[in-house]
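Heads up, the next two complexes both have chain A, just with different partners, chain B and then chain C.
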Partner chain A sequence: MDLLNSLIVLTNFVLVPALAYGAQLAIGALGVTLIYGILRFSNFAHGDTMAFSTTITILFTWWFQSIGANFGPLPTALLALPFGIAITALLMLGTDRIVYRFYRQQKAKPVILVIVSMGVMFVMNGLVRFIIGVGDQNFADGERFIFTVREFRDWSGLEEGFGIRTTQAITVITAVIVVALLFWFLNKTRTGKSMRAFSDNEDLALLSGINPERVVMVTWLIVAALTTIAGVLYGLDKSFKPFTYFQLLLPIFAAAIVGGLGSPLGAIAGGFVIAFSEVTITYAWKKVLVYALPDGLEPSGLAQLMSTDYKFAVSFVILIIVLLFRPTGLFKGQSV
Partner chain B sequence: MKKLLMASTAVIGLTGAAHAEDVTLGVILGFTGPIESLTPAMADAAEFAMTEVSESGLFLDGSTVTPVRADSTCVDAAAATAAAERLITSDGVNGIVGADCSGVTGAILSNVAVPNGAVMISPSATSPALTTAEDDGLFFRTAPSDARQGKIMADILMEDGISSVALTYTNNDYGQGLADAFQSAFEAAGGTVTLSAAHEDGKADYSAEVGALASAGGDRLVVAGYVDQGGAGIVRAALDTGAFDTFHFPDGMIGDQLTANFGDEIEGSTGQAPGTDSEGAAMFADAVGDAFDASSTYTSESYDAAALILLAMQAAGSTDPAAYKEMVETVANAPGEQIFPGELAKGLEILAGGGDIDYVGASAVELVDGGESAGNYRQIVIEGGEMATVGFR
Partner chain C sequence: MNTSVRNTALFAFVGLLILGTGIVQGWNSALLILNMGLISAIMSLGVNLQWGFAGLFNVGVMGFVALGGLAAVLVSMPPVTEAWAAGGLRVIAGLLLGAATIAAAIYARSHMTGRTRSIALLAILIGGFFLFRAVFDGGVSAVEAINPASTGYLGGLGLPILFSWPVGGLLAAGAAWIIGKTALGLRSDYLAIATLGIAEIIIALLKNEDWLARGVKNVIGLPRPVPREIDLQRDAGFVERAASLGLDPVIASTLYTKIGYAILFSIVLIILLWLAQKALNSPWGRMMRAIRDNEVAAEAMGKNVKARHLQIFILGSAICGIAGAMMTTLDGQLTPGSYQPLRFTFLVWVMVIVGGSGNNFGAVLGGLLIWWLWVQVEPLGRGLMELVTSGMADGSSLKKSLLDSAAYMRLFTMGVILLVVLRFSPRGLIPER
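Take a look at the complex of A and B:
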């Protein structure tokens, strides 16, 4: 019984939050990794594009709410999601047409494109703040919980409990669907195969008659869908604030690099590695150990490896270790 | 032009003839810098008290008071020190109202006020470190130290029968100072702080912090943060994971946003924010009228700071800081006739007659611990999703 309690504490404070956070990072990192693999630069505007797409989705959510449309127990934002994706896709194709295409035709070095993407980032930064302001926006509605901690405790009769929020469940389920779709697309469809060919060897792909502009366009469309989904899921689960999205850039890049830039599988693994290490290393294990260990052996201190102040340091330490020993990341992406 | 010159000469001549002395007071506040939106009203309030005293004609045989403003910048200690130096050496002020922010106040105190023997009364510096600063009895403040708030928090929790809490604070001077003050007061009273963990503002995810706090345990979670920043995120995460059901909120968390966000989910939580049930606050607003915004932060404290200096001078019968510094606490505290805003003339008259006054002022001033306001706090309980005031301390 005590072991069960200890497992439940672990689930409530470590497994469930880290799983949801990891899924959000993974979808974000997938977008970064696709751009790196196919367009060959690190897109620093990714975080702010997420903020833009979430902003559009929030506006549509408010509109749906005002005309009384809802999704039953699920958040209305899911209804607005396709509209957010569509407008973000337009914005991305527009940005590519106005900005990136020029540098691609110049065959600019990746580092120049990185700087260009920072410029795009600042423009997006301003755009988002013009549209929705700098403050917090909470747009989650519908049922907040699938079951709460208290309901679980009453149902099981255990001392400890755990709850699952609707948004956490939606995040994980959506992530699984998105990843499955993406892999099916990349591995089974003609367009997906041409994208992979383009990523592996640009010259050979061009020789075999693949249209590069088409590959680039499809990439932006997929990335638009991924950024919107990642941004909206994160905003639903936590809350939306432009500055927070800008800061998300760091863990997302850490996830993509740890997994191996350019490797979709690596992006997913990286997202979970970063999320779990952030939560587990700074977690105080006292409560879990008190339940799990026999009497007399339980720790008197907090059994905390590191104070939560160092939460963000953790992902960077992992990043450094991976880059030192496996510069291509866990899943053999391109070396940075 | 000629007329104007003659008129002003006449006025100067008149003042010289009719009054014993012209007293100048320095008003050093951050007219530029991070709190520049608050300082104009603060300075107006201090000068309002000086005008009231001058116009009564009862101050030191009919002396008048002239304010001299200087810019403390709030953050630049070197600039503030230079400005204060100028006030004393070049303007020859008899006392200083200010400074505003804790950092520059400490710098002016040690670099200018103490070496020159000038009296300073700050209306808004709340750092606990100023309590123990070397001041030769020259420094007072009408704003309470955060150490007082920490003590009051500990008292409220102890009286509620809470002896073990987890503590999280926003990672800046305010949060850290308050958290340290609370922890030492709570532990001195026999309580236990199971874990004191900082949180960064502006993050969306606080599950790691809440996980650690929950594991450490405690009967209540003390959140020394901001209601529209990380504090709200911590409360949200703690409620969602069932880590804590009740909380204690210091002033940074008390706001309409708190009940709008959480409503009855935080039922039974407690808190405190600056506030007084003294009638002085309302009388101050009446007396000010439309002259400036009397409800702006720290205006009452600024009015009280200027009034205290002048009343102390009257009590000592001298504008020499060495003489009147001894009288500041005497006029501020009981026994004596209570003096409210707008009644400075009455106070001056009593003091001139050798009587004793207890200056209450706009912020219910009571100086303790070597000359700082005891601070008045509104004790709050969340009942039915609303903030209810259950008492004042």
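Take a look at the complex of A and C:
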């Protein structure tokens, strides 16, 4: 019985949150990895693009709330999501037209494009703060829980319980749908196949008549959808704050690199690897161990390996270990 | 126009901007801008060394700057003797244990093979970690318990704060050595992510390790290399001299200290600039640029690319560390919460790119110019917004939000400047020769 209790505590505090966080990171990392695969640079503006698309979605959410539109028990933000994606897509295509295309035609070195994306990052940062300010915005509404800890306890009769928040369930379900759609698109449709061909070998793809500008455009559209979904899911699950989104850059990049830059499958695996290690290493295991270990062996302290303030350190250390021992990532990514 | 005339004109223009600030907004704010501009120029010299000379993409500048700030505290603050007695040695012992664990793991990795190696490595790392925590945690809580409201940390060495500038450089160089050893073999954008992560970790350490520098409780009242304003105002001789120049003693004293800082900073900047110029024009500098332009060819000529990269990475980071110590000296306090990557890493990059990467004078010019802009964009933006909104009714929400948004003009402007320079003048204001 004690073992069951400890498992349930583990589920409540580690498995469920890490699963949701991992799904958010995975979708974010998919965007980074796609840009890397097709446009061949690390996009430093990714975190701030996420912040921008979430800002737009929040504005639409507020508008829907003010006219009384809602999505029943689900958050209104999901209703606003398509609008967020559309506007972000316009912004992405505009940025590509004004900024990135020039360097693509010049065949600039990837590192120059990285610096350019730093400039875009500054601009996006400014834009987001113009529109919504620097403060915390909570825009989740609808039912908060699918079932709460108390309901589970009453139902099962155990000492401990676990709850699932609506946002966590939505995150995981959306992630599954998004990933399935993306893989279907990349593997089955003509455009998706041309994207993969372009990513594998640009010259050969050009020879076989693939229009590079079209591939790039489709990539930006997909990335716009991915960033918006990742940003909105993260914002619903936690809360929206521009600076936090900027900081997400690190775990997202860690996820993409750990999985292997340019490999979509790797980005998903990387997202979960990073999320689970961050949560397990910064979680205070005391409660789990008290149930799991026989009497007398219980830990006296919190049994926390590292304080939560060091969660960046965790993603970073994993990143370094993977890079040192498997430079192309877990799934073989590209290396230039 | 020949280049030296053009360059002189550019520097004169920046000088005029600062003079203009002095005339319009007062000499106090002009000197404030000048002082931070000089520090920024040193930071961009450091980044220029790495990026301009060697093509290393370091976006962890903030971390090295913060380490310099830490040096200022560790060198200049008086030691807290009770804390040392309570747990200082235990903290040190814990840190040594941690270092020994890592050293043992590295030794085991290079001297053992196969499955025994994996098992030994795991045993060393896990055992070492728990041993480290057991010794270290006790010491830390003992130290932090000593008078937490005012100290709660080990304090420093109680030396004059000017010593902290080279020490800041050394501290940053040490960190750069560790980072360079692990990350320099990686491709450029991996190195970027690695340095970005390191910087975040250094800030997290400063924020959370209260025993070291009080964490987010901040260390205030650092000693100063120039006299305090308040002492000058009490000094009868100084007041008299100020009066003979027709100055109010309060204003005269603030100007006096700020000019003092400006002279100190200029001396450091000139020395570093001279060294960097010497390096750039030496065989070593030519080798560096050869490596940057074609690594394979340089390697074929027998140059040790990896060692040279490590060398210049350490040098550039050390310069950022010196600048960090100087900045903390100027502020008179260490506030880990105020280190933001946009301000301390990416802004320095804007300085280098705008000034002209690969050219030391360009980096200095970029540092001064971009810092002036960074400070002035906000009032300029507010003025612009007031002009735009002057026709609107008072109290309208659009007017209010537009006026509020002026505060965020900075980031936007810096981004636009960076993009415009990269597009139309990618080699910067003073291009590499």
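Heads up, the rule we're going with is that the second predicted complex is superposed on the first by the 333 of 336 C-alpha atoms of A that agree within 3 Å, B and C clash if a C-alpha of one lies under 4 Å from a C-alpha of the other, contacts with A are read in each partner's own complex, and residues count from 1 in each chain.
The definition used in the following text is that a residue touches a chain if its C-beta (ideal position, glycine included) is under 8 Å from a C-beta of that chain, and two chains touch if they have at least 3 such contacts.
Note that the coordinates shown come from a computational prediction; the quantities given were computed from them, not determined experimentally.
Q: When the two structures are laid over each other on chain A, do chain B and chain C clash or fit?
A: Superposition result for chain B and chain C: clash.
Q: Taking the superposition as given, does A:W63 touch the first partner, chain B, the second, chain C, both, or neither?
A: Neither chain B nor chain C is touched by A:W63.
Q: Is A:W155 touching anything from chain B or chain C once the two structures are fitted on A? First, second, both or neither.
A: Neither: A:W155 stays clear of chain B and chain C.
Q: So, does A:D309 touch the first partner chain B, the second partner chain C, both, or neither?
A: A:D309 sits against chain B and chain C alike.
Q: When the two structures are overlaid on chain A, which partner does A:P17 contact: first (chain B), second (chain C), both, or neither?
A: It touches chain B, and chain C stays clear.
Q: Check whether A:W184 is in contact with chain B, with chain C, with both or with neither, and answer first, second, both or neither.
A: neither
Q: Please work out whether A:Q247 is in contact with chain B alone, chain C alone, both, or neither, and reply first, second, both or neither.
A: In the superposed model, A:Q247 contacts both chain B and chain C.
Q: Give one of first, second, both or neither to describe whether A:V279 is in contact with chain B, with chain C, with both, or with none.
A: A:V279 contacts chain B only, not chain C.
Q: When the complexes are fitted on the C-alpha atoms of A, one of 80-88, 152-160, 188-196 or 278-286 in chain B overlaps chain C. Which is it?
A: Looking at 80-88, 152-160, 188-196 or 278-286, the stretch of chain B that collides with chain C is 80-88.
Q: Both chain B and chain C touch chain A; at which residues?
A: 247, 307, 309
Q: For the complex, which residues does chain B have touching chain A?
A: Those residues of chain B that touch chain A are 171, 195, 197-199, 202-205, 207-217, 228, 233, 240-243.
Q: Note which residues of chain A are touching chain B in the complex, please.
A: Touch residues, chain A against chain B: 9, 12-14, 17-18, 21, 135-136, 148-150, 153, 161-163, 165, 234, 238-239, 241, 243-244, 247-248, 278-279, 282-288, 302, 304, 307-309, 311.
Q: Over in the complex, which chain C residues touch chain A? Could you list them?
A: Listed in rising order, the residues are 55, 57, 129, 182-183, 186-190, 192-194, 196-198, 200-201, 204, 207-208, 341-342, 346, 349-350, 353, 404-405, 407-416, 418-419, 422-423, 426.
Q: Using the touch definition up top, name the residues of chain A that touch chain C in the complex.
A: Spelled out, the residues of chain A in touch with chain C are 41-42, 44, 99, 102, 110-112, 114-116, 118-127, 129-130, 133, 246-247, 249-250, 253-254, 257, 305, 307, 309-310, 312-313, 315-316, 319-320, 323-324, 327, 335-336.
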